[in-house]
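In the two assemblies presented below, subunit A is common to both, partnered first by subunit B and then by subunit C.
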Partner chain A sequence: MLNSEIKAQLVSVLGDAHVRDDVESRITHSYDATPLYQSMPDGVVFPSTTQEVQDVLRIASKHHIPIVGRGSGSNLSADTVPVAGGLVMVMTRMNQILEIDKENLTATVQPGVYTQTLHEAVEKEGLFYPPDPSSMKISTLGGNIAECSGGLRGLKYGTTKDYVLGLEAVLANGQVLRTGGKLYKDVAGYDLTKLLIGSEGTLAIITEATLKLIPLPESRRALVAHYHDLDAAARTVSAIISDRILPCTLEFMDRKTIQVVEDYARIGLPKEMEAILLVEQDGPLEVVERDMERIRHIAETTGATHVEVARTEADGAQVMAARRNALSALARLRPTLILEDATVPRSRIADMVREINRIADEYNLQICTFGHAGDGNLHPTFLTDARDTEEIERVEKAFADIFEAAIRFGGTITGEHGVGLAKAPFLEWKVGAAGITVMKGIKHAFDPQGILNPGKIFTDQPRLRKENM
Partner chain B sequence: MLNSEIKAQLVSVLGDAHVRDDVESRITHSYDATPLYQSMPDGVVFPSTTQEVQDVLRIASKHHIPIVGRGSGSNLSADTVPVAGGLVMVMTRMNQILEIDKENLTATVQPGVYTQTLHEAVEKEGLFYPPDPSSMKISTLGGNIAECSGGLRGLKYGTTKDYVLGLEAVLANGQVLRTGGKLYKDVAGYDLTKLLIGSEGTLAIITEATLKLIPLPESRRALVAHYHDLDAAARTVSAIISDRILPCTLEFMDRKTIQVVEDYARIGLPKEMEAILLVEQDGPLEVVERDMERIRHIAETTGATHVEVARTEADGAQVMAARRNALSALARLRPTLILEDATVPRSRIADMVREINRIADEYNLQICTFGHAGDGNLHPTFLTDARDTEEIERVEKAFADIFEAAIRFGGTITGEHGVGLAKAPFLEWKVGAAGITVMKGIKHAFDPQGILNPGKIFTDQPRLRKENM
Partner chain C sequence: MVQPVPAKPKKTDPAVVTPWNNLGRQLAHTLDEDELTNCMRCGFCLPACPTYRETGLEAASPRGRIALMKAAVDGWMTPDESFRNQMNFCLGCRACETACPADVRFGRLLEQSRAAIAEHAPITRYEKTMRHLFFQGLFPHRSRLRLVGALLALYQKSGLRWLVHRTGLARLLPPHLRQMDRVLPTASMQGVVERIGTHVPAHGKKRGRVGLLRGCIMDVAFADTNVNTARLLSAAGYEVVIPRSQTCCGALHAHSGEERQAHRLAKENIRTFREAGVDWVASNAGGCGAQLVEYSHLLQNEPKLAEDARWFAAHTRDISQLLAEGNPLPLRSVPKRVTYQHSCHLKNGMKVSQEPESLIRSIPDLTYMPLNKGEHCCGSAGIYNLTHPETSMHILDEKMNDVKETTADILVTTNPGCLLQMKLGIERSGLASHMQAVHLVDLLTESMEKGDDPHNQKEK
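Let's look at the complex of A and B:
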């Protein structure tokens, strides 16, 4: 519950309806899409303007109250769990697309706009905003920016980072910071725009973003390739890239994932196969057709047992929808689903999948692996039960081994989900002691009191690596 | 001259030949490509390994000696002028392309590799590194990264920032920082890779970079469009983009630039025209041909008096070479050439060119304007004489007015040249007081003693804006 004096100050800024500290509001904002984490906030606030965000931050700053910015809470690193209590600041009332500028190919949006809402709005104008996290129906653009969301189209188009040109954000002390603009080139000092992207709400609260749009590709086509053999699938991925084709998506599912998705979606996926690849290309029709033929040929000559090019764009969309629903499909099997996103250079995908399977056997766990083969971003997904503490202990050990393997293969502990709470103990494995020191210095420069999303990214309890144990 | 004790320490690390404090070495490293700035260093060092860079930084750190990292010194913001004395650290001995990885589409390079050397090496493999600063024949990749160099292909392909996946850098205290990797997706903490890009040697010394490559476009074609009227040229730019075509280059030259370039290169540019646009598209042949036809049609219907599509790729290359040589051509006219790079949203280009011409008249100065119309990055170029102090005073007033106009049009004080010394007084106009505070905090986090390129980006003497005067 909020201290009555502070509550009165907040109400005077936001109005009574937008300051909540009833139990229902606090419980519903005590968790997010990440399993295993929950912590009660003292209250929940719903600002509707940048000025209101400033006023709330000034109050929070004065009273040292933690502030956790939140969109839809669909992140997978427990980034919006208020572990230090304080206020959850929900940005969903700031949900306007302010402008679609066709001359400069930009969109200016408030943070609470749903990702898919923006997709639909710009595609009507023949424009394209590529970042497509699997949560895009419900995720907000502010959340996407805070997490630097990726998605299926990362290989060809990059991630959220590549499409944010400018930001308005409010600092912990209530000052407004404006970065970038409708500019493709801007080197006026350090790149604060990119620094805020993926900063997980620990540096500032994003209140507006100017996004880069590109022309909508004219056409799109998909194919599915089936494999009896994991290595053959990896060879296809490597051969496509080495042949200098960049498909817009290049997705992988292992046997266990195929089985579950097919049981859920019933679209004819081959349940007896060791792996499938889903490949999609977009662009001018003649280029797409040529690329699909080349990819079909590459898949066949690198060991696919069967390759099928979707006859229509709609057929292709159905296959991709099945992939997008992999998480929902898997969620039916066991009470708790924990999705990881260790990422490796794409040439090491087969090594990584084999290592994940070995780790699953070692700890006697169910792991289904799918993900973005084209950019090496795999999602080994643990099917488990949060109530089984002994099994969860094994899950945590398995995680650590997966992160260690990813680092060993030249990869990272998180490709697109962020550090949050879940991976804070492992961050030093990737960035080293020097990296941690510098990052903590940056955090201090923005938020000397540490009121913005405390407890995230950094931890007092880093995990030792095996080699150091 | 170096203190003898410090010199002995440096010699013990680098060897006698690679520590210089003779007058010739100091003079030749007292300036860079930026006119009007010069300052003598105490010495010049030439490390050949990361370990040597670390050792030099430890010595510098212990004795509070300024360190100015330098590649070829081709930057245009006086970023490698050692205003606080100390050591210039020249990175040109670290000039190896360490790897071109065709499976992961990456190149790993040392900082002293020339930009064009990398272009040639990767293009032999059918791969492409798009950033193409006009200085690319002599500029180094380390310098490109420190400055976040742009170039002609920014509109379609982005700038250096978009092609650096990972860095090895040495901090002021001699610690090695490693960021990113052969990974398109990596959200492990704050994005230190992007933060170091464009940090102008003030945060760390870059010792290795992993760069992203893309498939080399199959073909390339150029056209030239002539205009009696500036607004018509701007209309063509807007119409191309609004028609959702992203050419790989979309360059602008005003009348004065055309005249000078034609006198120099003699390739048949129309000296009586008010403006020309040079437009180049690359990609699959059929797409390039279709786009060029569309662009020709757009140019004709928006007011071009004449449009000529280059018959061959070589013809197109000749036209683009003329544009790349604009600076050399202009340099023949007067003793001193000062190139600016105020940048505006591309929809404001005509407004900006008109404003530049008005300012030139107001201060009775010769300004030729050319630049990257597609991304709004203009290079108004002052033809002047550094020895004429009265004229230089007018030049400086005109600069300030140009920056003010760029900001007013939603632009920035520098699109691709960096802040350095030259624009430090104006940085606050773009990033605000909050931005300056945060940037200084970041600087402090990396380099608490302030030994890395002191005097750059930040200044104690910010300029007031007219509106505040």
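Let's look at the complex of A and C:
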């Protein structure tokens, strides 16, 4: 519950309906899509303008109240769980696409716009905003920017950070910060735009973003390749890239994922295979057709047992449905799904998958691995039950081992979901002590009181690596 | 868990015995914990939910409602007035189920919550009386419903309606009820059995024996549609039986928390249709059908009935499914523009969405006009338009904007509640002069019986 004086101040800024501290509102802002985490805020606010965000932040900094920015709460790193209480600031009322600029190929949006809404709006104009997290139906652009979300098209088109040209954001003290603009080139000082991307709500509240658009590809085509042997699949991935073909999507599913998806969706996946790759290319028709032919050839010569090219765009969608079904299928198998986000250089994918399976066996756990093979971003997914505390303990140990392995292979602890609360103990493994010091310095420069999303990214209890234990 | 879960309220502490505390205890006891755990809080259901779209509030979303239920079960909160309001605010459209990757059966959780609320939450005497009147006194009793129907018919035919409107008495009613009164179909004393008996033989190659659920409101307000249903089934090769001893499906009871009554009705229907020796049980109302397929779940704790209940649920079909599988109907030309509004319970509960559309498309010379967001709830939702008029009318008006865009002459639905709501929507949006709402069955019948011969048409 909010102190009555503070509540009165907030109400005078936002109006009665947009300041809530009843139990119902607090409970329904105590979680996000990350399993096992929950904590109650003291209140929830719903600003609708930059000015209102500024006013709320001024009140918050005056009274040292934590502020947790929130889009749809779909993140997977417990980034919107208000561990230190305070206010959850829901950005979904700021949901206008302000401009689609066809001359400069940019879109200017408020942070609460759903990613898919933007896709639909720009595609109507023949334009394209490539970042496509699987959650795009619900995730907001503000959330995408704050997490630097990636998606299936990451390999060819990059991730959110490659499409943000400028930002308007409100600092902890209520000041407005503007970075970048509609410029494709801009080296005036430090790149604050990039700094805010992936900052997980700890540096500023994003109130507006100018995004880069590109022309909508003319056509797309997909193929699926089956493998008896994990290494053969990995060889195909490397060979495609070293042959200088950049498919827009290059997805991987391991044996267990194939089995589960097939049992659920019955779309004719080969359950006896070790792995399948799903590849999609887009662009001018001739290029797409030529690339698909070359990819088919590469897959066949690197050890695929079966390759099937979709004949039409619609058939291609059918092929990719396998990947989209993965989550639904896995989610139905056991009550709790813990989807992780370890990333390795793509040449180490086979090693990593093998290591994940070894760890799963060691701890006697059920793990299915799928992910973005093209950029080495794997999602080892634990199928478990939150109520089984003994099993959850094993899951946590297994995760530590998986991150350890990812780093050993030259990878990272998260490719697109962010550090948040869930991975804060492991951050130092990746960035080192110097990295932590610099990052904390940056945090202090933006938010000296530490009111913006406290408890996230940094932790007082870092984990020791096994070798140092 | 970042915060320790508070201890569940102690059962023996007399100081905390309030109706709300009892409700909390009941929820902890009856809510399906697996279902609650299955929700992975991904939020995919949010954009599908009409009450979330209306309010933008997490608490009015499926994920939020589940979180509230779970909080009540885990002891994070004592359910209160706002908990009840939130459960009542839900339309029960189950669009969230269709959107959910984890297959969380929200409808069941909602029914369990409402049952606990009906039993434990404080309630005014007036509300209690009204509930009793409707759920025990009226719906299960065909003769009484018919009497109400007769009164309604009398009111409609006797000029009393005219008088009420002319004298301004109608102005005492809230506007949407006044409009509702204008679109109410002429109720009928004669239900389907009174008109065509309990048995209709099959035409052509025989496809099976079908037991028709005549429904309660359907058989009073839309008895013609029931008659047409039987005719279509017969034309498609089904022998139709309409057992007299069948009763209300219990959907309205289950959705309103009258769980025990729903059980009783389910048992009666299972016995009746089992005894009738049918291959299929057919429903022509999405709301009823979705309840029928839940019978096995409803009676899962009654081992003696389990097998019959499973049989019943597995053999329930929507009329559109049976027609799509039966002998081709002798359809004739209807040169109209037609659009289709899904019934939530047909689509999200029975998972039927293709068949009605392809039946409509199979009518010669008809132009099918797709309805943008046709899968969004129309806001009728049982008696929701009476309990939450404002939200219901707002959802309806949004829907009518999309309906207008189709420029259709005919708007087809598959459920009496939706049909009435669409008629109301047409009235409200000033489309009444050039658009009508009809049940799928009535459109097909019209095509079969009154449509032009397509060959003649073409020769013209």
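To be clear about the criterion, the second predicted complex is superposed on the first by the 468 of 469 C-alpha atoms of A that agree within 3 Å, B and C clash if a C-alpha of one lies under 4 Å from a C-alpha of the other, contacts with A are read in each partner's own complex, and residues count from 1 in each chain.
By definition in this document, contacts are C-beta pairs under 8 Å (C-beta built on N, C-alpha and C of every residue); 3 or more make two chains touch, one makes a residue touch a chain.
Here the structure is a predicted model, which is why all the values come from computation and not from measurement.
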- Message: Is A:46 touching anything from subunit B or subunit C once the two structures are fitted on A? First, second, both or neither.
- Response: second
- Query: If you stack the two complexes on chain A, which partner ends up touching A:187: first (subunit B), second (subunit C), both, or neither?
  - Reply: first
- Task: Could you say whether A:431 touches subunit B, subunit C, both of them, or neither, answering first, second, both or neither?
- Result: first
- Task: Report the partner of subunit A that touches more of its residues: subunit B or subunit C.
- Result: B
- Task: Determine, under the contact definition given at the top, whether A:158 touches first (subunit B), second (subunit C), both, or neither.
- Result: first
- Task: Would you sort A:314 into first (subunit B), second (subunit C), both or neither based on which partner it touches?
- Result: neither
- Which residues of subunit A are in contact with subunit B in one complex and with subunit C in the other? none
- Query: Can you name the residues of subunit A that touch subunit C in the complex?
  - Reply: 22-25, 27-40, 46, 72-74, 81, 83, 90, 92-93, 114, 135, 137-138, 327-328, 331-332, 335-337, 385-387, 421
- Query: subunit A touches which residues of subunit C in the complex?
  - Reply: 1-3, 34, 37-38, 40-44, 46-47, 56-59, 61, 63-64, 67-68, 71, 76-77, 80, 82-83, 86, 101-103
- Quick one: in the complex, what on subunit B touches subunit A? 101-105, 126-127, 147-148, 150, 154-155, 158-159, 161-162, 171, 175-179, 181-192, 194-195, 197-199, 203, 214-216, 238, 241-242, 244-246, 283-284, 286-287, 290, 343-347, 372, 375-377, 410-419, 423, 427, 430-436, 438-442, 444-446, 457
